[in-house]
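Chain nomenclature is as follows: A, B, C and D, assigned in order of appearance, with residue numbering initiated at 1 for each chain independently.
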Amino acid sequence: MNDEILTRMGDGERISMSASEIKEELLVGTKEAATKGKVPELSSEDLDQIFEIISEKGRTVSVPPGEEIIVTDDGCAKIFSAGPADGGAVLPISRQNAVQAYERSFAADTLNFGHEDYSFKPVKAIIDCETQTYFTTSHVTTAPLFYGAQPNLGLYYRPDGAHDNPADLLPMGKIKEAKASQEAAAEQLKEDMVFVGRKLAEVGCEGLNFDTAASAGDADFYATLKAVEELKEKFPLMSIEVGMAAEFVLGMHGEITYEGKRLAGMYPHDQADAVASAGGDIFGPAVNVNTSKSFPWNIARAVTLVKHTSEVSEIPVHPNVGMGVCGVPMALETPIDCVTRATKALVLIGKADGL
Amino acid sequence: MSKYTSRMGDGFSIELTESEIRKDIEDGMESAVKHGKVEPLTDTEIDHLLEIFKSPDKVVGVERGKEVILTYDSGTTKFKRVNVSVSKIQSLQIYERILGADTLELAHIDYSFKPVKPIVVFEQPILEQALLMTIPPLFYGAMPNLGLYSQPDGPFPNPGDLLPKGEIKEARASYDRQIELAVKDMVYVGSHMYEAGADGINFDTTAAAGDAEFYAALKAVEILKSKYPDICIQMGMASEFVLGMHGELYYDGVRLAGLYPQKQMEIAAKAGVSIFGITTNIVTNETLPWNIARAVTFTKSCTESDSIPVHACVGMGVGGVPLTLAPPVDALTRASKALVEIGRLDGL
Amino acid sequence: MPIAHILAAGMGGLRTAGDLVAWMQMTRRMRIAEAKKYVADKLGINIIDLSNEDVMYNLRADLGIGRVTGDPGKEYGILAKSKIAKLLDIEINSVNVFKSMM
Amino acid sequence: MAAAHGIASGIGGIRSAGDLVGRMQVSRGMKTEAAKKYVADKLKISVADIADPVVMSEIREDLDLGRVNAVPGAAKGIDAKFRIADLLDIEINCVNKFKKRIQFEKRSKSNE
């Protein structure tokens, strides 16, 4: 059939759909997002524009000249030198070499590197090595250089950390104990993030990226916001980006509030507000991908949530457009056709300030 | 009376007469004999040591034919720590082709088994590629570092908090649980790296947290050796004396607390260790002749017995090398020569 | 994947004015349109030319703010950033730390 | 520090026969003297020549065991270790793994 358009499922499998099927998927996707996130649906013009992007003939697509945005990333050094489990190519070059290659050979707008074990807790133990590398790398690069790490509250629970694991306590009905444990762990996490941030700021850190925030729920997000607050007060010149783990803050604690607002259950537009209030400079929303739904469904959903966030956010919005988030299929080798289509839709219709 | 330039244990330069050097050598040796209950050096050996310290040359070396094998702790991280911008594989190539290394060691910057666990899948492809392009035996190294298993970093109550309160039973119970997790992590990492093709695993700075850590490392070695009979395991110690933080741990009927190098080596060999790394501490307010004589006396006690190869840890603050961030090469090469020629090492 | 993003929607970093616009988001929390206008005004060019290699390649050399080609004898790294801070009238943490050491 | 030890008491790695003696400690747990003698016997040289870069350079070139100078066409990594395993009559973990990956035995048989 001539009107069949090639696209993919949320797990990356290539499929073909008719124009009417794609339009239907887009409509259902935006409705789903609007209902869940309590945000406006995309207009029919918006949906038509996404349809045009999906049905473009070329393998890759791009925004028109003048519409380009800023690309930030979660550890560009990793794409060269990290292992495949982290999407890396295991090239035998150092992190500094990778950052320089990214700046000069790939013309990135911003740069980023982090520790192999990309969380704040493991960074604490080797902070001198990280500050030294940051210091020298920042002297030989021109584009803004971020240092990135994940809050990753999970590391503070047993068996890795010192606090009782809420995932053990909750099924036993020990709600009060689970809450207390999360509060204590969040405090320790905040201290570690402030310690790492302070050390980096003192050697001239230009940007700190709190990546995959709230992966362990509302207590994780709370610790992040408190750390941002403290760091921004002490080091106003260090820009802070907060990228989220998911579209929805899990209420593992359930009663934690920040500036009077309950964190559990927050969708991207409210998350952006909380990050901006804490002093964050750039917000990175993440919208989950449903692998059993089509790419059109997933991208319509992602654009719906991102568009509203961009409209209400007072700080720049850089959606996380990685594997399994914001429309990009959940596949280790992410298909470039979907990646570029997701990018274009999020920028042109989602009005993102960056990615 | 002519004077000879030497150093203190903290690296400061001093001048000593021949009789002062001889006296310090004898006193250092006595200290080892007294603490480790080991045999003293012979007069010929003392004279040999004296000659090493009297040498006017800045750098000294072993006699031709007496060269030994060099193994390295924390191999690749040495480059990263001093911020030389090369990858791990490049570091190994530099060791192999620039430094003429006899063996190589790949390591994670956070040099303990516990932090390696979450990134072991990143280490495997690096090891695999390094193995394709290097020639000498390649170890994977990390420290048992039991300290990471107690609060605030780890899950169990910190014996450092419990012991001062007299909560001995609770502290021991905590150690017992820490051992369980540490053994699991060491076996996990060791297995993954051996499966990826490593020639051996280096358990470095073993027993830093005392007898419980030593016990955990021995257990892990035992398991790895039974899983992989051909695996080479090197075990380097944290110090000359196993601290009795637990106090009641036994391996093969031998109490681990208070063991000195010779006994440490015997126990390690029983567990399946292939190369033993003896460590002797430095006393910073004693002289280099005192410290090296002491280290040599301890070392000889290990190498005299017919046992596994012995590689001394001869780094900053151990094996007679002064405790200073930039160890002077005159002191370092004297420690190297003395330990090999008189201590009869198989490597260092 | 970031490379696909750069090609599809990125400003082009040092090839054009991507890093300059990024600085404005980072230091003044400017949204993309505002940041582009600010940089274009400072550079005295049209917004459309911010991502135009033809204009930006030579302009970067004239201003001494570093180019993707890493030209010998020309500014790059911390020196380029100190000029960028002045040009955009912003404070860059690494530049301040470096200056405090001089 | 590693460089100073290497100069003071190291055999010299692939400049001489340090890696080969190291192999015998790693694979068989041999003490230094025994390991040196074993390697010297296999190479048909005296123990004194083990650490001699001039002698060993020629031997390594003849046997293609990999040299510190990366000569084009000469063995540099896993290929050198294949020969070292044969020469010293030992098993090398990564060589065995590599053989498994390339189905070495199956290929050898089909070539016969």
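Just so we're on the same page, a contact is a pair of C-beta atoms (placed from the backbone, for glycine too) under 8 Å apart; a residue touches a chain by one contact, two chains touch by 3 or more.
Values in this document were obtained by computation on a predicted structure and should not be read as measured data.
> Steps needed, at minimum, to get from chain C to chain D via touching chains?
Steps on the shortest route: 3.
> Where the CA atoms of chain A average out and where those of chain C average out, how many Å apart are those spots?
24
> Can you give the whole-Å distance between the Cα centres of chain A and chain D?
Here the centre of chain D sits 49 Å away from the centre of chain A.
> For chain A and chain B, let me know how many angstrom lie between their CA-based centres, rounded off.
43
> Once you've mapped the touching chain pairs, tell me: line, ring, star, complete or other?
Shape = line; chains linked end to end, path left open.
> By the touch definition up top, name every chain pair that qualifies.
Result of the pairwise touch check is A-B, A-C, B-D.
> Can you check the complex and tell me which residues of chain A touch chain B?
81-86, 88, 90-97, 115-117, 122, 125-126, 129, 132-133, 136, 158-162, 188
> So in the complex, which bits of chain B are touching chain A?
Per the touch definition, chain B meets chain A at residues 80-81, 83, 85-90, 108-110, 115, 118-119, 121-126, 129, 151-155, 181.
> Using the touch rule from the top, collect the residues of chain B that touch chain D in their complex.
59-62, 64-72, 78, 95-97, 99-103, 128, 131-138, 194, 196-200, 230-232, 274-275, 308-309, 314-316, 321, 327, 329, 332-333, 336-337, 340, 345-348
> Contact residues on chain D for chain B in the complex?
Touching chain B: residues 1-16, 18-19, 21-23, 25-27, 29-32, 35, 47-48, 50-51, 65-66, 68, 70, 75-78, 80-81, 84, 91-94, 97-98 of chain D.
> Which residues of chain C touch chain A in the complex?
Going through chain C, the ones touching chain A are 1-16, 18-19, 21-23, 25-27, 29-32, 35, 47-48, 50-52, 65-66, 68-70, 76-78, 80-81, 84, 91-98.
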